[in-house]
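Letters are used for the chains, namely A, B, C and D, taken in the order the chains are written, and counting of residues starts over at 1 for each.
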Amino acid sequence: MGSSNEKEFRVGMIGYGFMGRAHSQGWRNLNAAFATPRIHMESIVGRDANAVARVASQLGWNRALTDWRDVIADPSIDIVDICTPGDSHAEIAIAALEAGKHVLVEKPLANTMDESRAMVAAARAAQSRGVMSAVNFNYRRVPALMLAKRLIDEGRVGDVLHIRGAYLQDWLSDPTLPMSWRLQKERAGTGVLGDLGAHVVDLMRHLTGKSVEGVTGHLRTFTHQRPDGSGKLGNVTVDDAALATLALSGGAVANLDVTRNAPGRKNELSLSIFGTKGSILFNLENLNELWLFDREDPAGEQGYRRILVTESAHPYLAAWWPDGHIIGWEHSFTHQFFEFVNSIQNGTPASPSFEDGHAVQAVIDAIANSAENGHALTAPEE
Amino acid sequence: MGSSNEKEFRVGMIGYGFMGRAHSQGWRNLNAAFATPRIHMESIVGRDANAVARVASQLGWNRALTDWRDVIADPSIDIVDICTPGDSHAEIAIAALEAGKHVLVEKPLANTMDESRAMVAAARAAQSRGVMSAVNFNYRRVPALMLAKRLIDEGRVGDVLHIRGAYLQDWLSDPTLPMSWRLQKERAGTGVLGDLGAHVVDLMRHLTGKSVEGVTGHLRTFTHQRPDGSGKLGNVTVDDAALATLALSGGAVANLDVTRNAPGRKNELSLSIFGTKGSILFNLENLNELWLFDREDPAGEQGYRRILVTESAHPYLAAWWPDGHIIGWEHSFTHQFFEFVNSIQNGTPASPSFEDGHAVQAVIDAIANSAENGHALTAPEE
Amino acid sequence: MGSSNEKEFRVGMIGYGFMGRAHSQGWRNLNAAFATPRIHMESIVGRDANAVARVASQLGWNRALTDWRDVIADPSIDIVDICTPGDSHAEIAIAALEAGKHVLVEKPLANTMDESRAMVAAARAAQSRGVMSAVNFNYRRVPALMLAKRLIDEGRVGDVLHIRGAYLQDWLSDPTLPMSWRLQKERAGTGVLGDLGAHVVDLMRHLTGKSVEGVTGHLRTFTHQRPDGSGKLGNVTVDDAALATLALSGGAVANLDVTRNAPGRKNELSLSIFGTKGSILFNLENLNELWLFDREDPAGEQGYRRILVTESAHPYLAAWWPDGHIIGWEHSFTHQFFEFVNSIQNGTPASPSFEDGHAVQAVIDAIANSAENGHALTAPEE
Amino acid sequence: MGSSNEKEFRVGMIGYGFMGRAHSQGWRNLNAAFATPRIHMESIVGRDANAVARVASQLGWNRALTDWRDVIADPSIDIVDICTPGDSHAEIAIAALEAGKHVLVEKPLANTMDESRAMVAAARAAQSRGVMSAVNFNYRRVPALMLAKRLIDEGRVGDVLHIRGAYLQDWLSDPTLPMSWRLQKERAGTGVLGDLGAHVVDLMRHLTGKSVEGVTGHLRTFTHQRPDGSGKLGNVTVDDAALATLALSGGAVANLDVTRNAPGRKNELSLSIFGTKGSILFNLENLNELWLFDREDPAGEQGYRRILVTESAHPYLAAWWPDGHIIGWEHSFTHQFFEFVNSIQNGTPASPSFEDGHAVQAVIDAIANSAENGHALTAPEE
């Protein structure tokens, strides 16, 4: 991780909700963990001037702004980090790239295929000018999943045949939870499918290198109405649960199951990846662990190995604490930003790319289409 | 469990492979565990006279026979227990029922819908004469799953919304494993779908009381040829993996995922049942455990409760050892036989019934049809 | 396991409580699982003629007797299996050995050092005449612990340095549980120390081959009085919890912690064995699992391997069900009896021997003495 | 957490090793997580001017100094945070307190009883002038252990009877690991006993409110020599493993087992706390979980509840991420600093106090004395 320290980077962040707080944590701790160029948390943007000023002070940003265009117009800004809702991503990102800013966008890349297609085009044009872009599928940077990728790349599980992927939460189990924009199709695009399913689809593609060739999807809404703030009932127009089967390249198959109505599952993003030679298990509720089964271990001694991914031999861990000291969910942001800054410095394409974000969007779209039309094996239209 | 001890039952068992051994274990230990009528392990039937004689002596049967018709003709036999491959079930079971024998059939009930339909008719006719029948979905009698059923019936998880069911094994991961009748469609009907999937479908229906209203299925064969005994390659004509989405009555949805190519998963029949008020988890690899999450536990103290189902307060456990002493897979057979003998004694219908077996067959059939024809949401034709 | 089938063995069992039922299960299923000589469950002995007759019928014994001397006098009996309380072991076992019967004694070998010393002498004399004896530390025959022993013997954990052994139950947590002989020093000798601690001490010695060179013990009684049947309070005069440190040969050290007042721990016999090259974990509540850590696994991939000890490659498992089908607590008895019968047939010393039982008794005795006298590092007086 | 924002605090930190990095992380993120007064990371002190300057820049400190006295002389500094080795704690802390600085000391409080006694006296004197002090037993501030304390205080486990406490690491299993000051008695005082055992003793006292009335200790050194930097062998003069039994107030008993030679245990600080009504389990390798067993749950449904301590209803969690998103080891520092700053603001005594640190030191001392002298039940001399 021996990047030089001479260059400095000034970051402007648009948005300051939950994701804005997580991104701030990522930027704030980057220099302490990694030998990257000095990061300056320069500007944070939100529409409510008072609120954004308060948040800027709390989270460590130098300036609070109310118009994202001011960040793009600011020549001192190197990196624009976009944490707004998905429907504004395309406009901001394309403007920033055209202004020569490196751009990091929180997932999903966009709410529509047209938008994400335009963003991909802008990213390609920018890259030819040395301007980098990435979409923040931060789970790729969880050390256990970095290790999973390395093991799969090294052939430790052989050819991947079958993946079980799920993302289960339970916060919608409460029927008194009020209506919100996340439950309206016109605002959120989809429900749990795009929110949680996108992470799983990205990891399936990323970890195995396989593409999705066909999908069959089923969506379910369990709670059709919820009270809004004024006590009236609003209609929930997105999916509470999404189930899909994915045909992957090379004859592999995958099972996708995502819901926000699974009581007891707080944040279970679980993956089981079965290959010809072994298999790998992961669960985000225990994000410092990876389980590996190797069919080539001696007979009678085979078993899933619980690898506590907290040693200096593991990805990113040398940057943190001694062996065995676990890290948290937020650290994946610091890792992702480290990789992004490295890409900028080295002039190499950043990852996950806008293409990745667009490909995930295409799969989500195909699942929703299959569910709506009752089609088996809809092909994603990338 | 205070049945009287006066009556005695004589059992004749057809078949002596793996299942014959497991059934023998079940019958052999029934009287020691439960206050049922005295069981006599009277006759065992197999085609190879020497082999069956040797097995009879080992397993504790009084007589070894080579023709199942001799058991049915024997007036001393009360119960016929059928452990042969599925294609012979219908003929033997119908003959035995018509001869007034109580009949227990190992799952699957039959290989074809026509056969199972005929068996259901025979079972109904027999029952009107006080002759009982059951299909041996033995996992219903695992104490943890008996407890799961009780908790669901009592409303502890509320309305069931979403089920994740899987049955994962890994013995077909070995590409050198030779060809066998289990891998040929004309003999086995289906591959893992009927073999392991049938258990999961039965449990989904049984535990929740829901029916299956539509299915979408995908089947995969990963290893297309295997060596037969003579070194030649034979064609594998059944599925190695089966994935399906099930629409259940009442708007619930289920995910089915079964394979015999999941390295490291030795016998993982896992169920996650999510309802409006809580959820339940089970995994056959830890068959003495049930996990319960209750949304009505106090805030801040909610969590999955690992219930070690080994206490005298739990189903069947008072028949065995002190609290905390685990039982094995085979005990489910003893429990199932206890229930069957109780039904006979009490003149009440036995469970799982042939109707249950037929309904499961219909779902399996619909999944296979959906997969073959690329149809979404094929309705099972019971 | 290819012993010849020509010889037959007739067993007489003394005692028919919990342990009598478990031993009967062991004998009843021995021939079905293993190719041993034919076992005849000939006589069972108890003091209450009606009760023992009923139990004999239930458990599968041919005859019910009320005087153990009748078994010893019966020339047809080959094996005497003693399941009575510990204070009668010496008298019965010595008489049986002198009568030329092979003798299996339930643990503990005896209640006093003098008794166990006399039993050792009788066993040695008998062995010189080809008459075998063993004490039933059945946990040695749990497949996972057989595997543990093999791995340790093969050097997979290197030199053993440190053992953590515990046996935790919770049935005495209920303060309303009535007084019983198990809670009186004059009847039971010790409390949890001898009842559960003896198993742990035996396993420590057996698995590592190390002897116990010194102990420091602490005993605690938490509930000093309990109601007896008539409503009066009786004094509890044994230990509820026992903690000890053991100095083992070769400079190793062990921690022993046993209690029957650990709410939630139903039957946790847990062992952690740490060596120079790796370590091994076991917990009886998951008796089909063994966990192995190997410091020689590749860096970055090290982790505890959860070995599901249910494969035909594992000790005894080929005798039971296909891979992944778990067995229960009781199977350890069948395994132990298989080994005992093999010893008789082959004329080789049986294990665990009376010497083993005596050595364990000496450690238990030393722990009790250390606790009573406040001595650090009392040496066991074998 | 509604402290006012008007006051600001300037921190000077002495020391910049592993603990200095962890403390910096704690201070850096405090304002983002909690509504405390503004924290200024003012000065960091180390002996090597170049190194400390580099670290200051990386970790976010404004100034780098080489003499701790300069921090104490700086009137702008409010808080002195001491992360140096234990032998310098007393001198620095007493000087800082006398200069009117609030003082936080990394554990152990000191290396000798005399030093810690003097520190307690200084802390008492300072507190009478409104100057606060605390020792950083940071594990008290792990949310799961905060919850454990609350549950115990509320009587959820009843009277605590028996504690099993262990802290197991494995980094000394490597025999090629070189000699260091941590392995020399004259520098480190003790080995694993003071390093890891102190945490366990503090938690036992803190969580249950019990005092330690007597101890019996055993220490072991497994590797007696290690190479130093120049290739020569140096003598290891501290303990590799420490085992002790503790008599606690109220008749309770505790088992302490700590080692740095347990292959596979990376950072297992595990606690089992058994009471009359229930029990609690914790393991630092899964620091976001707490397990609770409640004997008052309905019969048949009792079991350890795995509480994922990541919800806004849990201590400190509202300051971080949505439910189910785990936090890491380092967050305990932020929590501890939050509590310390609150104490200063509110003028209430800080916790853990120097008295707590001294009491732990007394127990560690008594264990070492018992081990050296072969005494059972040595009383700690607070």
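Just so we're on the same page, a contact is a pair of C-beta atoms (placed from the backbone, for glycine too) under 8 Å apart; a residue touches a chain by one contact, two chains touch by 3 or more.
Predicted model only: the values in this text are computed from it and were never measured.
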Chain pair, A-C or A-B, that carries the greater number of C-beta contacts: A-B
Distance-maximising chain from chain A - centres being C-alpha averages: C
Whole-Å gap between the CA centroids of chain B and chain C: 35
Between chain A and chain C, centroid-to-centroid distance (C-alpha), Å: 54
Where chain A and chain B are represented by their mean Cα positions, the distance between them in whole Å: 42
Numbers and ranges of chain B residues touching at least 2 other chains: 265, 302-304, 308, 311
Chain C-facing residues of chain B, complex: 18, 21-22, 24-25, 28-29, 31-32, 38, 57-60, 169, 171, 265-268, 285-287, 308, 310-311, 320-331
Parts of chain B lying in touch with chain A, wherever the complex brings them together: 157, 161-162, 164, 166, 173-175, 216, 218, 220, 222, 241, 243-245, 247, 251, 253, 255, 257, 259, 261-265, 272, 274-279, 293, 295, 302-304, 370, 374-377
Of chain C, residues touching chain A in the complex: 147, 151, 291-292, 297, 299-308, 311, 313-314
